[in-house]
Amino acid sequence: MAKETGIVRWKDLALGCTLMEPGTAAELKTGDWRSMRPVTNRELCIKCGQCYIFCPDMVYSRTAEGYYEANYYYCKGCGICARECPKDAIQMVQEEK
Amino acid sequence: MGIAAEALKDFKGFNLKKLPEVEPLSSGHRACQGCGEILALRQVLKALGENVIVASATGCMEIVTSPFPQTAWRVPWIHVAFENAAAVISGVESAYKALNRKGKIDQPDVVFLAYGGDGGTADIGLQALSGALERGHNFIYVCLDNEAYMNTGIQRSSSTPYGAMTTTSPPGKKSIGQRTWKKNVAYIAAAHGIPYVATASPAFALDLMNKVKKAAMIPGPAYVHIFSPCPTGWRHETDLAVEVARLAVLTKIFPLYEVIDGRWILSRKVAKPKPVSEYLKVQRRFRHLTEKDIEDIQRRVDEEYEDLLRRCAMSGGEPEKKEGEEAQGD
Amino acid sequence: MGKRVGMEVSIAAAEVVGLCDVDVIAAYPITPQTHIVEHLSELVADGHLDAEFVPVESEHSAMSTCVGAAAAGARTFTSTSSQGYALMAEICYIASSLRLPIVMAVANRALSAPISIWNDHADMMMARDTGWIQTVAENGQEVVDLLLHAYRVAEDPRVLLPVMVNLDGFILSHMIEPIYMPDKEEVQRYLPPYKPALRLDPRNPMTFGPVGMPEVYTEAKKAQDEAMKGALPVIVEAWKEFEKHFGRAYHPVETYKTDGAEILLLTMGSVSETAMTAVDKMRAEGKKVGLVHLRLWRPFPAKELVEALQGAKAIVVVDRAMAFSTQSGPVCVEVKAALFDHGISTYVQNFVAGLGGRDVTVEDFEMMVAKTSDGLAKGLPMTYEIVNVRE
Amino acid sequence: MVEIRFHGRGGQGGVTSAELTALAAIEQGKFAQAFPSFGPERRGAPVMAFVRVSDQQIRTREKVYNPNIVVVLDPTLLQIVNVEAGVPQDGIVVVNTRLSANELRKTMGLTRRLAVVDASTIAVETLRVPITNTTMLGALIKATGVITLDALRGPVEKRFGPIAEKNLRACQRAYEETVVEE
């Protein structure tokens, strides 16, 4: 099966077009949608996790030191994390093209 | 003690510092930048974990999570049609009940979740929802209310608020925009006498997650109505979904409460409410409203809030928290 | 051992569904289907059948509930008629597309307006292109047999499609007649336990019903079409097995006194029995008339039908529903297409009869045959007309 | 093949009479059909129910147009329904009536052969209710022999449970008291 495109032969379809493998959307790079990127200043970060719980794209994960790190493969650049950060530790900066 | 209260005896809420890491919904989904609806759905699923089966109504959340050949779902999920998520989950739940009882499977603890947008819940799916609530299936129904048919291009629904501009409630010389007041589906759900009804907002994430967890613990039907900002349809900036959701609560436009065994309980009393104009002005769907229109909306919001307070007072439900006590994220 | 009993056909239908050990029944009442689901609810209430009886608030939800239950791995059943079918039709397309082996009995009834609770085949014709297998019963025994057969076919791993068993409303559903009811052991010997191919299970999460972009929708429909075509030999095989177990034979296309027949009647459903009586009478009068009757409506057994029809000088196709076409009723369209595909240009007369509970009598069949015989002799154009309509 | 038409009023059990007749015939190893006049049932309204009995498999789904036997459960129906409609000259009409066959023939202008029984009185005395459906089956059996009293026992027991015996007694008594014209 051509994973990205969905161009398949009818014989290769699972019964009823069911998708047998969970969470395969993780292959999709939604970071392409972004024109602004969030950048965290760890000096200001209080590790409160607001960026984590308010992210619609599950971009942030907790590091060993307790900071939250953005995965730019998925980040669409909506800016909610920056807006919600109580310490203004996250800035939205222009993507370099 | 009612069945809900009984089931919640040992309830323990989530802690922001130690949230479950599980993400039943994967990154890579196709929701718009800054989508408040998928944020709400993510929080719902985090609260429920992975031993869940999900039935989806047609709508944004269905389209953005399942275009063949990828799926954002890490839990079993089924989409059938627009108006029938509650009926589909009735079938799934009944099947598990029968198969467990007959010894054909041994999976007694699966949680059953159906969700739909406001169109799939308040309009076309209301009958199926009412049927499933009335029949008493053990399931959670979540309405992700973004106040219009966003998936088809922002048409009005019965959940669209008064005055809002949509593509089928355009303001004009002879129209204010949406001419009707928002249908209150949580009240309708509560009128079924089901053990648990709640409203929730993704801006108050812990409150939302706790309510969904309670809904899962309670045997029988539970209904959770979640306010889900849509930057695309509401015409606000993409970073504002959480802020708009918060403002809706703090202006009393979308009060947070629970109905547990018929007892109405405010989740937080909005002691010093912000004026509705603060909520309206950040959304261009309300841009055309006059001062007079905004006054009308303020009056209606105040009346509805009073009505809610009366319901709480009459059933002896006390607010759990007062405004100002809450931490960010809660 | 099963036994011969006198029983209302609806009750017998419910009994055999109970013997099939269904897990979930979802149903909404509509005349003339009601006795089937009433009796199922009794079987559950009395503890004779261990199943969830879900008394849904509409037929739309009945089918939706069956879809959810079947996707969760349950053996399911529902039943409806007419307007109820129309309401659930949306979900019927999805049930077959998701390849869920739901079984449904349809007590065939006319569609509104004007509202009619009486029998014709409008609901069944509406279901024509939904991707369901459709079998057609002519008497109570066949209702029982076809329901049992339906589960075996639907759940066959080579098929996995929903099956609709059609029985004429009132004429069969409310009839008391002798029926051989199998017992539980006999049913179990014929019908293996249901092992779902795919199911909604948190231990093995799958996504059912994803969005089909233009890149895949055509392939999805092709796969479904192939499944339907592939179902035909399995349907026949399951009937052969049925004959071995129960001694009653079924075929996609059946014939009665067709040897040497010059004019063939073509019918579907309970009127086929009246047609047999008419054929007996006409044969006794020396007329070379026979009967071909369809047992299987979908997948359409074109090849078998042509084999049964070829050699006749004229064919009298009896439709029990309107197509509001200018040339043929729905069955006749198929018949003409099948003949054309096989290079056969037999004289075909099409009569619509028995709409909304209007009786179809032996005399009616005699009239149709006489008219056809006359038209053939005089070289009149082939006609399409409604029988006994008052001008 | 014998065809029977029952006339009653909705709620009087005419459909049950038809069903029990068919069930008894099937019990005897015969072939039978029983069916109501299809449609919504309304209490009090005149209703009909039909039975076919045959030694061979019955292969017709037509309505019954020419019944050989007609059973009238309620004498008041004679004034509003032509119970002889479609009945061939050699047919028989079995009527619940206090009148004799002759009186009935005169007052109602009936022309077919008659069998009469005061089923209402028998029903009230035996069952304590004026429901004549099982009672009239005794009359049917006496007048036509289309089924046997023995064959009726099983279906009646299944249908009526604890009150089956009373119904069978009413049936037996009607069988004895029915007067059949030669």
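Labels A, B, C and D are assigned to the chains in the order they are written; within every chain, residues are numbered from 1.
Rule of thumb we're sticking to: contacts are C-beta pairs under 8 Å (C-beta built on N, C-alpha and C of every residue); 3 or more make two chains touch, one makes a residue touch a chain.
Just so you know, these numbers come straight off a predicted model, no measurement behind them.
Colleague: Measuring from CA centroids, which chain ends up nearest the centre of the complete protein set?
Modeller: Minimum centroid-to-centroid distance belongs to C.
Colleague: Could you state the distance in Å from the CA-based centre of subunit C to that of subunit D?
Modeller: Taking the average C-alpha coordinate of subunit C and of subunit D, the gap between them is 35 Å.
Colleague: Indicate the whole-number Å distance between the mean C-alpha point of subunit A and the mean C-alpha point of subunit D.
Modeller: Between these chains, centre-to-centre, one finds 79 Å.
Colleague: Round to the nearest whole Å and give the separation of the Cα centres of subunit B and subunit D.
Modeller: 63
Colleague: Express in whole angstrom the distance between the two chain centres, defined as the mean CA positions of subunit A and subunit C.
Modeller: Those two chain centres are 52 Å apart.
Colleague: Give me the residue numbers in subunit C that touch at least two other chains, ranges are fine.
Modeller: 98, 205-210, 212-213, 215-216 - these are the residues of subunit C that touch more than one other chain.
Colleague: If you look at subunit B, which of its residues touch at least two other chains?
Modeller: Each of 66-69, 71, 73-75 in subunit B touches at least two other chains.
Colleague: Please output the residue numbers of subunit A that touch at least 2 other chains, ranges allowed.
Modeller: Where subunit A meets two or more other chains at a single residue, that happens at 5-6, 8, 17, 19, 22.
Colleague: Which label fits the chain touch graph of this model best, line, ring, star, complete or other?
Modeller: Basically it's none of the tidy shapes, so other.
Colleague: According to the definition already given, which pairs of chains are in contact?
Modeller: Final set of chain pairs in contact is A-B, A-C, B-C, C-D.
Colleague: Which residues, counting only subunit C, touch subunit D once they are in their complex?
Modeller: 4-6, 8, 31-32, 117-119, 168, 170-171, 174-178, 270-271, 273-274, 276-277, 357, 359-362
Colleague: Touching subunit A in the complex: which residues of subunit C?
Modeller: So the residues of subunit C touching subunit A come out as 97-100, 160, 197-198, 205-210, 212-213, 215-216, 218-220, 222-223, 226.
Colleague: Over in the complex, which subunit A residues touch subunit B? Could you list them?
Modeller: 1-3, 5-6, 8, 17, 19, 21-30, 33, 48-50, 52-59, 62, 71, 73-74, 76-80, 82-84, 86, 92
Colleague: Name, in rising order, each residue of subunit B that touches subunit C in their complex.
Modeller: Touching subunit C: residues 50-53, 55, 62-63, 66-69, 71, 73-81, 83-84, 86-99, 101-102, 104-105, 107, 110, 127-128, 130-132, 134-135 of subunit B.
Colleague: What residues of subunit B sit close enough to touch subunit A in their complex?
Modeller: Touch list, subunit B to subunit A: 16-17, 19, 21, 23, 25-31, 33-36, 38-39, 42-43, 65-75, 202, 205, 231, 237-243, 328-329.
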